[in-house]
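Labels run A, B, C and D following the written order; every chain starts at residue 1.
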Amino acid sequence: MAHKNRIGNVFSLTSFGESHGPAVGGIVDGMPAGVRIDLEQLKHEVARRRPGQGGVTSTRHELDEVEILSGIMDGVTLGTPIGFIVRNRDQRSADYEHLKDVYRPSHADYTYQSKYGIRDHRGGGRASARETVARVVAGALAKQVLATMGITIAGKAMVSVAQIPEGDTCGGVVACEIKGVAPGIGEPVFGKLSSQLAEAMMSIPAAKGFEIGLGCDFANHLGSEVLDKWEVKDDKITTSTNYSGGIQGGISNGNDICFKVTFKPVATMMQAMEGISGDGSKVTIEPRGRHDQCVVPRAVPVVEAMAAIVVLDNVLINRAARL
Amino acid sequence: MAHKNRIGNVFSLTSFGESHGPAVGGIVDGMPAGVRIDLEQLKHEVARRRPGQGGVTSTRHELDEVEILSGIMDGVTLGTPIGFIVRNRDQRSADYEHLKDVYRPSHADYTYQSKYGIRDHRGGGRASARETVARVVAGALAKQVLATMGITIAGKAMVSVAQIPEGDTCGGVVACEIKGVAPGIGEPVFGKLSSQLAEAMMSIPAAKGFEIGLGCDFANHLGSEVLDKWEVKDDKITTSTNYSGGIQGGISNGNDICFKVTFKPVATMMQAMEGISGDGSKVTIEPRGRHDQCVVPRAVPVVEAMAAIVVLDNVLINRAARL
Amino acid sequence: MAHKNRIGNVFSLTSFGESHGPAVGGIVDGMPAGVRIDLEQLKHEVARRRPGQGGVTSTRHELDEVEILSGIMDGVTLGTPIGFIVRNRDQRSADYEHLKDVYRPSHADYTYQSKYGIRDHRGGGRASARETVARVVAGALAKQVLATMGITIAGKAMVSVAQIPEGDTCGGVVACEIKGVAPGIGEPVFGKLSSQLAEAMMSIPAAKGFEIGLGCDFANHLGSEVLDKWEVKDDKITTSTNYSGGIQGGISNGNDICFKVTFKPVATMMQAMEGISGDGSKVTIEPRGRHDQCVVPRAVPVVEAMAAIVVLDNVLINRAARL
Amino acid sequence: MAHKNRIGNVFSLTSFGESHGPAVGGIVDGMPAGVRIDLEQLKHEVARRRPGQGGVTSTRHELDEVEILSGIMDGVTLGTPIGFIVRNRDQRSADYEHLKDVYRPSHADYTYQSKYGIRDHRGGGRASARETVARVVAGALAKQVLATMGITIAGKAMVSVAQIPEGDTCGGVVACEIKGVAPGIGEPVFGKLSSQLAEAMMSIPAAKGFEIGLGCDFANHLGSEVLDKWEVKDDKITTSTNYSGGIQGGISNGNDICFKVTFKPVATMMQAMEGISGDGSKVTIEPRGRHDQCVVPRAVPVVEAMAAIVVLDNVLINRAARL
């Protein structure tokens, strides 16, 4: 469940921060007590989402030093909320002065202005991908709890556009597999595990499609072709195929949970774009700053993080399912 | 936001009911006071999801008489919760006795048993599409509020399988358009309107994919090809194309909100299926009862209902966005 | 946690119903699966809150037949939501026609009208004590789960007014003890067990004061006089006194949880009262209908029910406190 | 509504922080956009809760420099979450080494250890009154919004113990008045304004009693003595007395909202106390550190802050009450 700037119920993340403000950060509430946290591993996860890692991503050097402010003592979780901040550095806010009164195409400038009557125009403000650092920190904490339960999460980027012309961008797909989830996780009806994963993934900036198992391709098949037949393997009931993606009726069946998230191409490009000002006049926006050509590789750790948050929340809630 | 058997925050639906229990029903909390409710229109919406409406759907005759128990006086909403029930009739529970200890393939039998250690095996119990009647009742109420604001919702079924062999089933897609939503509706970050719609749609039984705007096809395009350019129309800022599906940064931009939901083929077929019993032995399940061949036409009013719940909830929450 | 017509998080009750509408009822969501429910015991609890049980309470004969509509099969909980309704009978709505445009003193008539611009004036509508039947049903279910854990709840009515003159009313106090709660239940900071109990109790109609342990009398003592000293008893750490009422820092310490709730005298009396109409003119209201002289005895099962809901919710949430 | 470390629904505070960790802080989510924030006024509120302000309070010099990290640009709220931190300084953690394995009487040491199996023993950890600084920051923000609506909140401390012996402590009462709330604020049934205020107040460290209006004294009066009679004043319907404390049926009636909170004496005293260690052996704890003799004066700004959070949340939610 998500509400405004919070996601999760028993295990939750509430986040804050504008791209060019002093810091981004968040509060992880509901972390179980007694978990030993490997901070090096956490830093590694955060580094994975950093820009400037490949030829197709931006070169802004975000140091992303995570400062943990509470909830962990001598490396072990206390059960109390974990507050954390990541200072924003290397901001070139002046790069955005020309955008103060301009709405860029396919950005959130106009929608934020419509909603709030005010917006931080610098670097996308709250609508910047910068906010995903809080997701990755919370996800890294969740992953470490899940690891103690034998649950692992692995995403991979798939880009189908063969070549991106100079100054253009492309989108793509992140496919993700969650292994080790016992049967019985997830809630029926509105709180289906697939439903919660969809919500979490579609909340990532630029996400435009979510598919579980065979996903949209289900529309092209007869029912008899896509039944997941039962088999017994290692003395456990399981399915020989996994069209369902590990979830039936909203609840895990013990098989791998497989889903895909489609991301649109980044709307900020290194070429002139046509914006509009509040009075309706067209404005040509010259390219400045540093921007990703393809968001998909950087989205992988974010997808994994959101999956970790959802799965841990549901594993914990499930402890109350039976007498 | 959804949690267990509830969806929505300021306007919410909590539902209950097993397919072969005494009744299904729900509570709509947060209905604004002073709305005149057209009960005939509500009945019409409920009738749209009833089985037995076309050659490709089941012939179970559900009367679906909705009984409103509170929250409406002399046809006008009081602002208090609206409780309602729909009695289950025409149940042929004996049709399911042979399934008491058997898990059907691609059904929720095994996952419910794993979660709760007990399940109502008759007609799918809580996991039956029967629960969607509560969604449609709540959605019909929400639609009537939205209509006073000039907001309309229309879905249509799209089935790509040309011919369904006797005893087989097929899936398909419901495409939905929401018209009349002002710019500024939806929350940033986790509570994006697209994120909430994804959650709501993926909670519908058999839903397997969700796409907003151009959706999964975004992966096949360059950024420059799918920018929504600005234009001024009727003195309002809008976009000349609508690849974004009416939502940017999670918030409505005033254009039509367009999304698609893919449904898998119904897993219950009028042909023998191979199930498994708790001890791991294979069981042949002979077809009985009455079942839909294609769920997609019946899913249309459910998709519309869920969209209405999400949009109304967000329109109401948005009243708190500014001083 | 409570929000509008719902209370509880992992175990919750959402209720509906006006006093003179067709029915009151609710949905209990989060009931653990596998609990054997004694329906006779549930009926007994509901009968305890019925009017007409003593000289000082009203003689309206509410049959209060609870109809369980879902979530229980063959007497055992399924883990799915339990929907239930109680039909309103023996309504004498005509008794209230003279109150249609009148606000009674110390009632909710004016406040509901101010909030919603409309109200059901018959018998208090949603603001009637009639709504407490849903609390008692949910509480009776919760009590049966708690009993399996060795937790019991017992309230008693204490009325200090020696004699109530003919046609007048009095208030009083319900003192309640919860026995058998293990140390460690409750959340720190905002979700303190004492905080949640206060919210639950103050939500009961006519509740005006809440005290935990020594309560308001703490203001009259020095710190050294009211320290709960430690002792070891039956090999367990406990306190020799219990000024704290079994809760320290918001979390149970294993001792009995003791609290008191003060109820005001019922504002509806069998004597003429001065009301006011919407235009500001004074109106004399002659007594009609049937009303309690003292609400306190009937409040006992309601207090116990709310305590059961809060404690069960917290016991279940606590399962997620540690790795 | 409160859940774990969060309080409020549409306007909410989530807080974090141990007394001797790096910082305490929080996230205010749901702040309406377009509110000009007076940071000097905010600092003033925070200074009011600081220890060392009078003869009867501790002399720890907390600088309490609030750092706002997001959600405000050029002094105006953006509608996005406001993250803030307050560094912990002047910590004398060594003062607490002797308490590492000891449970103090009437403290949360034992209950935290029971719940989590681990605790930060330094200065009370999460259970320290130090966490109230986050409440005051959020309350100061809420107050500034309420002021634009003509709503003011004022508490005052009332201490009945005439003289506190050297090394002892005393409790007392904070009486609070909220002026300017229009009729119609609050929710019926579980979300009563009185119920939410009770929850918020009882969540303050050391709070042990909550009373609305005449409160516990209602038990000593006949109904006819405590009716709030109607009158018309300045062309508005109001009551000539205010026994109800401004709330009827859980909803504001336009009169002043009056409530009282009783605080127990501080359990940490400047005299030897008897603690217990995990193995059950008694331990004499010699007084160290700096502690308040009477918490009541410092509790005033905290009570006001919690009232501001509750009232603003409800005023915002009320915008959705009617069509």
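The definition used in the following text is that contacts are C-beta pairs under 8 Å (C-beta built on N, C-alpha and C of every residue); 3 or more make two chains touch, one makes a residue touch a chain.
Every value quoted in this text rests on a predicted model; they were computed, and no experiment measured them.
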Which chain has its C-alpha centre farthest away from the C-alpha centre of chain C? A
Is the C-beta contact count larger for B-D or for A-D? A-D
Return the distance between the CA-based centres of chain C and chain D, expressed in whole Å. 25
In whole angstrom, the CA-centroid distance of chain B from chain D equals 42
Could you give the separation in Å between the centres of chain A and chain D, each centre being the mean of its C-alpha atoms? 35
Among the residues of chain C, pick out those that touch two or more other chains and give their numbers. 4-6, 9, 15, 30, 33-34, 79-80, 115-117, 126, 188, 321-322
Graph shape for the chains shown, where an edge means the two chains touch. Line, ring, star, complete, or other? complete
Mind pulling up the chain A residues that touch chain C in the complex? 9-11, 30, 32-35, 79-80, 145, 148, 188, 316-317, 319-323
How about chain C: which of its residues touch chain D in the complex? 1-7, 9, 15, 103, 105-108, 110-112, 114-117, 126-127, 131, 159-161, 164-165, 168-173, 182-192, 194-203, 205, 207-216, 218-224, 226-230, 232, 235, 237, 239, 243-245, 247-254, 262-267, 269, 271, 273-276, 280, 282, 318, 321-322
Per the touch rule, the chain D residues reaching chain A in their complex are 4-6, 14-18, 21-27, 29-30, 33-34, 67-71, 73, 76-83, 85, 115-120, 125-126
